[in-house]
Amino acid sequence: MLERAIQIDNVHVDYPVAGQASRSVLNGISLQIESGEFVAIVGETGCGKSTLLRLILGEEKPTRGRLLLNGCERWQPDRHCGYVPQKYSLFPDKTVLDNVTFGPEVTAFGAWSGLRWIRPLQMRLFREEALRYLRHTGLDESDARKYPYQLSGGMQQRVAIAQALIMKPPILLMDEAFSALDSATRTGMQRLIKKLWRESGTTVVFVTHNTREAVCLGTRVIALAKNGDGNRGSSIALDLGVPDLDFDSEEIDIGKLVREVDRATARERPLVYN
Amino acid sequence: MLLPQLNISLDDLTLPSGRGSVTLAKRGTCFRSAASIALAIGLMASTPVRAATPSFTVGWSVYVGWNPYYYMAKSGILRKWAAKYGINIRVQRFDYAPSLDAFVAKNIDACAMTNMEALDMPAAAGVDTTAIIIGDYSNGNDAVIVRHNLTLAQIPGKQVMLVEKTVSQYLFERAMAINGLEQQIRQVHYLNTSDSDIASAFLTNQSKPVVVTWKPLVSQILKAKDVKVVFNSSQIPGEILDLLVVPSEVLNRADGSGQKFAKAITGAWYEVLKLMSVPGPASNKVLTDIAEASQDSLASYREQLATTHMFYTPQSAVDMASSAGVKKTMDLVRRFCFQHGLLGEKTKSVDDVAVQFPDGAVLGKPERIRFRFSTAYMQLAAQGKL
Amino acid sequence: MSFLRIHAQPGRTAIWTLSWSLFAAGIVLYFYVAQQRHRENPDDRVMPTIAQMVRGFSDAALKPAAEEEVQAASGSSLLARFRTSMLWTDTLASGRRFLISVALLFPAVLLGLHMAMFPVIGAFFLRFILFFDKIVALSLLPILFIAFGIDELSKIMLIVIGVTPTIILDTFNLTKSVPREQIVKGFTLGASDFSITYRIVFKQIWPRVLNSIRLNLKAVMLFLFAGEMIASTDGLAYRIALLRRHMGMDTIIPYVLWVALLLFLVDFAMNKLNHKLHPWFQER
């Protein structure tokens, strides 16, 4: 039987607060994500987006409830999820090429990956593959020798995507990956990720606070809303299927969708959407 | 990078040990040159504003023979004598090495020091210096201590812990010379050890067989097992003199205030010594107060006094200063200093730092007199003319 | 008065002049006062003149340290004379202790790294080292003497005990300041704990650790000097302690400047090397 890519059953996350009742961050969330979906998670600051993302990564464990990735529980972050954070996505001490080959190296050589130079043949294969991925994300060989600080924010995120995709992860988690970029660069990156998603068929979970971005990118938008009761965390406010949009198409009134999602996230009570 | 970086000045590095830093400070070397130079520059930059009443500062450091200066100031005896001569006298405690630095830099007008330091510090540095009071000589205060019943003849080839180039080394080399071992001195390995740590360093290191130091450190070390004194300063009586020295230019001040100062301090000194010399328990009160200067007990202070030959009467000090012995001593001391480079690298001859005695005799080149023994003030005290 | 504003843009010459003016003022003031003192007292030793210091320094740098070698030295080349000189033998003795001590700081770096990466190791060591860091190592001298004797070992241990806690805690903080994203990223790329610790975190903090060691070189030197002044038979501080007995300021001042120069060069070289080896490291 084919397992779901992500299965979240009634998950609660409470943070202990000294001397008080613990603070609930996520309050009974249930969510299923099928393999190959592009799911955008949207919500205001502090609504629990990041917590949900850390749960999927395995950085955090649910207080109650169950979370399965391909039918397995999570212990710690591993190769199951590729990860592209907003900042600090690249290793500053390594060149672009070394950043991308890092994953294959440590996977192939384990603890001895520091001695990668004794495996020149394999390293050549890794480098060639890394260059292929870099070209896919729109970079060329001259960029490969640079260090991250020599690249613009957009270029850095391209490398980060290549770095994640070379591991062929079943799930790619993007945490506000484009939020620090200027709008022109951001649009370009959005197109790129959509293109790569179509080509690779990987499951993408894209977390953003920008509703328009969520609606444009996702095949499904999950909107999280804070509950009115300050002590209770958010649960899903809206689970909205949207068409796989072409950015330039005028078929759908994106503005209307955006307004709808915004209204939903502002609601106090969960809105059941069918 | 959030942690504060270590920030220690050299001054913090001299730490007390044993019975408190003050008791250990005599002839010590504390690493305060930076501070004292800064002080020297600071004081030189500011032109001294002379008050109507001439003021004088006496520097002293803790040592059995110099503690009376503390009592002199505390009891009011000094104030009485200063008032008699119409001047102000201030008494200030220093660590030993800084007191020498301050004296050489001419920040203080008088200082308690040994004959050896008077020669190799101010005199060799060109400060014409006069000793006006001979207070005492070490009569067993300084000692060579060995483990395992070692004899002096067995020491060559072994390590000797001492504060190098001080009276400790002088005492040790005299001990060797007196015992006919002068040629073997070269084979001795000196381990220069700070006086603030020498007692604990010797006691905790069985591998170091010999130490040369002074009281009260000697008393501390002798409490340990299997150590004994093979030589002490009572075997070279009168060679380690403790003096009060004044720059000659102060004594020669045109207004005569320097003379008044010398008379006042000498008068005060012998008044205190008279109180100290009362035999038996009658002097307990005074001695307890004097011992307080080094936070010592009466018993401990008496024990130190027993190995110190105090010149209680001015006449005895005058006799000492006028004797042939002091000339012999100073010759030994200056040769020792010259031989060990203590008179300075550019002093080419031992005669370049000449010493003058009360009878006018000079050791060295007469045109280069830098250190003088004066009995004038002690003589006045002896005659009761102060 | 625009040149005193935040927005002032001094030219190259102005910057050069300003940055050297305090040096010049210090030197001029020193020699002015020294000259005055020498006019009063030609034998003054507290503030030697330039000529005296040059002589003191050349004596220290060219005369043999031990008296026995006098014959060997005269007539040989400058370099050979320098190699038997007091200055050079002292520098070698102190330099050896210095290098050993600095080398011993590297285990401290590794300990700090592991404390920050592995919660159990951190829990085991952190409190103790925080406490240990506050201990004034010099006050423990008698215990050091018992444990390590009074020869080389105790001097090196004094430095190690004095400086390592700072280095450990500094490394700990640097490691903690590596963004969590980097570690998560490492895991998602399939790296093991070992690879993450060494290939991601350690490589990132290493240049900063080197900077921290650079900042602590002075502390190392201070403890080294303290150790040598307490008990020793050779070394730069030993010589300074001895020279102080007879106010050999004409040699002490050049010695102190020599030590400062050496320390500056070590620091400078470490900084250059750091940036040469880690071109990605942008902090100065």
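A, B and C are the chain letters, set down in written order, and residue numbers restart from 1 in every chain.
By our rule, a contact is a pair of C-beta atoms (placed from the backbone, for glycine too) under 8 Å apart; a residue touches a chain by one contact, two chains touch by 3 or more.
As the structure is a computational prediction, the values presented were derived from the model and not from experiment.
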item	value
Labels of chains that are neighbours to chain B and to chain C	none
Inter-chain pair with the most contacting C-beta pairs	B-C
Maximum centroid distance from chain C, chain identifier (CA atoms)	A
Most central chain, judged by mean C-alpha position against the global CA mean	C
Centre-of-Cα separation between chain C and chain B, whole angstrom	35
Centroid distance [mean C-alpha coordinates] between chain C and chain A, Å	48
Rounded Å distance between chain A and chain B, as computed from the means of their C-alpha atoms	80
Multi-partner residues of chain A (each touching 2 or more other chains)	none
Shared interface positions of chain C, touching two or more other chains	none
Residues of chain B defined as touching chain C within the complex	1-3, 5-6, 8, 10, 12-13, 15, 17, 29, 31, 33, 37, 40-41, 44-45, 97, 101, 104-105, 120-121, 124-127, 161, 164-166, 189-194, 196-198, 200-201, 204-205, 207-208, 337, 341-346, 370
Partner chain A, residues of chain C touching it in the complex	179-182, 184-192, 194-195, 198-200, 203-204, 278-282
Chain C-facing residues of chain A, complex	57, 59, 76-83, 85, 87-89, 91-94, 102-103, 106-107, 110-111, 113-114, 147-149, 163-164, 167, 169
Chain C - residues contacting chain B, complex	33, 36-37, 41-47, 52, 55-56, 59, 133, 138-139, 141-142, 145-146, 149-150, 162-163, 166, 169-170, 173-174, 208, 212, 215-216, 218-219, 222, 225-226, 229-233, 238, 241-242, 244-252
